[in-house]
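Encoded as structure tokens, here's the structure I'll be asking about.
Labels run A, B, C and D following the written order; every chain starts at residue 1.
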Amino acid sequence: MASVRTPDPNPGWLSEIALDETRSRVPILYVEAVPVRVDTYGQIEHVGVLLRGSSSGELTRTLVSGRVYHNESVREALLRNLEKDLGPTAFPQLPASLTPFTVAEYFPLPGVAPLHDPRQHAVALAYVVPVSGECDPRQDALELTWLTPDEAMEPEVLDDMEGGRGHLLKQALAWSGALPR
Amino acid sequence: MASVRTPDPNPGWLSEIALDETRSRVPILYVEAVPVRVDTYGQIEHVGVLLRGSSSGELTRTLVSGRVYHNESVREALLRNLEKDLGPTAFPQLPASLTPFTVAEYFPLPGVAPLHDPRQHAVALAYVVPVSGECDPRQDALELTWLTPDEAMEPEVLDDMEGGRGHLLKQALAWSGALPR
Amino acid sequence: MASVRTPDPNPGWLSEIALDETRSRVPILYVEAVPVRVDTYGQIEHVGVLLRGSSSGELTRTLVSGRVYHNESVREALLRNLEKDLGPTAFPQLPASLTPFTVAEYFPLPGVAPLHDPRQHAVALAYVVPVSGECDPRQDALELTWLTPDEAMEPEVLDDMEGGRGHLLKQALAWSGALPR
Amino acid sequence: MASVRTPDPNPGWLSEIALDETRSRVPILYVEAVPVRVDTYGQIEHVGVLLRGSSSGELTRTLVSGRVYHNESVREALLRNLEKDLGPTAFPQLPASLTPFTVAEYFPLPGVAPLHDPRQHAVALAYVVPVSGECDPRQDALELTWLTPDEAMEPEVLDDMEGGRGHLLKQALAWSGALPR
């Protein structure tokens, strides 16, 4: 464990062992973002959904999501994860207030709550983030799809979303006044 | 009153007489905006305060503010009033959600509430709006000043603000996490 | 119109003629409340829906709703309308913040927006309000039904709701984290 | 570390060693509550501030605050910590929505942010919670004082608050519309 206290060349990163151990002890803090395209009036026109290879080899849909690191601010974590998932030219407009549209709770046991993460108990601060630039998903995200609110609320999209995030997407659209009639 | 029911060349506008009468009957709905400059992380760096000639000839400080017209949506009213007060190239980023940071209540009698408007009982939906372009105040606004949160919270700025809007500005900064320590 | 300026024995009330005229000039400010029963953790268990006789003689479902009067505060209007629709022993717990869960816009023309009011352009500040006492609807409300979130989200309930308020109810449950999976 | 994985007689509790180690790895999730007394209209009349003996032996003022345990929901953590600090008969009214009035970030290094916790990087979901019963602080809280918003905003109260929580209290009152003029 000594290595944890020495200066860290990759601050925020934990070894797999240290991370697993930590996940068994405390809820892990995440930020989550629903990328959107808005019109001049701020009204949502499209919602960005990521197509991602899951650990089990299936393709699933997901949102921008990632841990808040030790000594990292929530705003820094939000921008870092947006850049990680949408690329450096997405130009996200981070919210003026840190108040999230919801606090999303993921439990390791499926079925106890709408959201589920087999790896851990995670609590995510969830934001709607307008992006104005070009999105170029990197890493394990294969593709970013822009869906209209109507398309995003189709049962087959919602059901495909990893960890029950269709529920979260519905909350994002309700909060934005963009829920289809 | 017949003219009110005929097609209106200036929709939303009321004659002075009709407006006075309406103001004696119902609370008048307003939108209000605190224009801000934010950094990459969405954190407020500067707050835009308008210097405006008041009806009594004094110079007072104020925020972007205006009525919601009949049959106009809140988003349309917000954009129209931002353009009226900041000019056409301000490029305001309207919020993804219509939920205001506060509901501001102005009463005609001074002293009953923090906010006061001698003309009317007004209820304003108040938003923080990042602007990325050049602001060029028109009409009766003489000047737009960009203040740091520290400068904006100086008592002499707060006390100068029309109708008690220093109180509203404090709420905007508190909500944005930009209140000075 | 002189009578409007003389001291008013029924403050807030307007004659039908004055109200009609006002409705043709400005958006009318409303408050709207979704009454709920919550458990010890604040989680919604039941949602209160009013069964009301509409002007056309049909029975429709609705929420607590009413105008904000001239010189009345939003909190006063909210409590007055809760008492009007739920009776004097409902013991509503008004929210600590006036920030509504949404701003609901009703337009007179059907189809332009999810919400519709043939009488007027209305803008409602919408709140979720826990009630702990006995509800005894008065006036034109025939009955108050307590529905679980699952029952409230049934299409036949949502479609029955006056003016498109099923949409508003969905937003209330989404904001409260009580949307069924 | 094996003990962490065996069934835990005190679920949520970590040994001091395990907790210290965890605190060096990830931000620790907290809930924080500002207890308030409200009038019939939901308006704050008094704010509850705890007088507590700090680790250095001084008396400091603080708010209701505590960790979210592993596999505990945010609502459960909020109720548990309210009961821990205010006693079993406080009858707190937990909010209908989990959206906090702010996300409070505490960093171990003083001066980098308004809030500071020498033990750890903590992120707290902060709520305003009306309490209607008798408060009987237990444990290390010596006393609960009810202050009017005016009294709570006195510099000597704000400056006495542990970790910079005077800043948080100001945000709570601003959000509730209870900031003194």
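Just so it is clear, a residue touches a chain if its C-beta (ideal position, glycine included) is under 8 Å from a C-beta of that chain, and two chains touch if they have at least 3 such contacts.
What you see is a predicted model, and the numbers here were worked out from it, not measured in a lab.
Between the interfaces A-D and C-D, more contacting C-beta pairs are found at A-D.
For the pair subunit B and subunit D, the distance between mean C-alpha positions equals 34 Å. One inter-chain figure worth recording: subunit A and subunit D are separated by 27 Å, centre to centre, where each centre is the mean of the chain's CA atoms. For the pair subunit C and subunit D, the distance between C-alpha centroids works out to 34 Å. Residue positions of subunit B touching 2 or more other chains, listed in rising order: 73, 97-99, 101-102, 175, 177.
In terms of inter-chain touching, the protein chains here all touch one another pairwise.
Across the interface of their complex, subunit D is touched by residues 36, 38, 40-44, 73, 75-76, 78-79, 93-99, 101, 128, 130, 175-177 of subunit C.
By the touch criterion stated above, subunit D contacts subunit B in their complex at residues 102, 114, 164, 167, 170-171, 174-175, 177, 179, 181.
Those residues of subunit B that touch subunit C in the shared complex are 1, 4-5, 14, 18-19, 21-22, 24-29, 67-74, 97-103, 105, 107-108, 113, 121, 123, 125.
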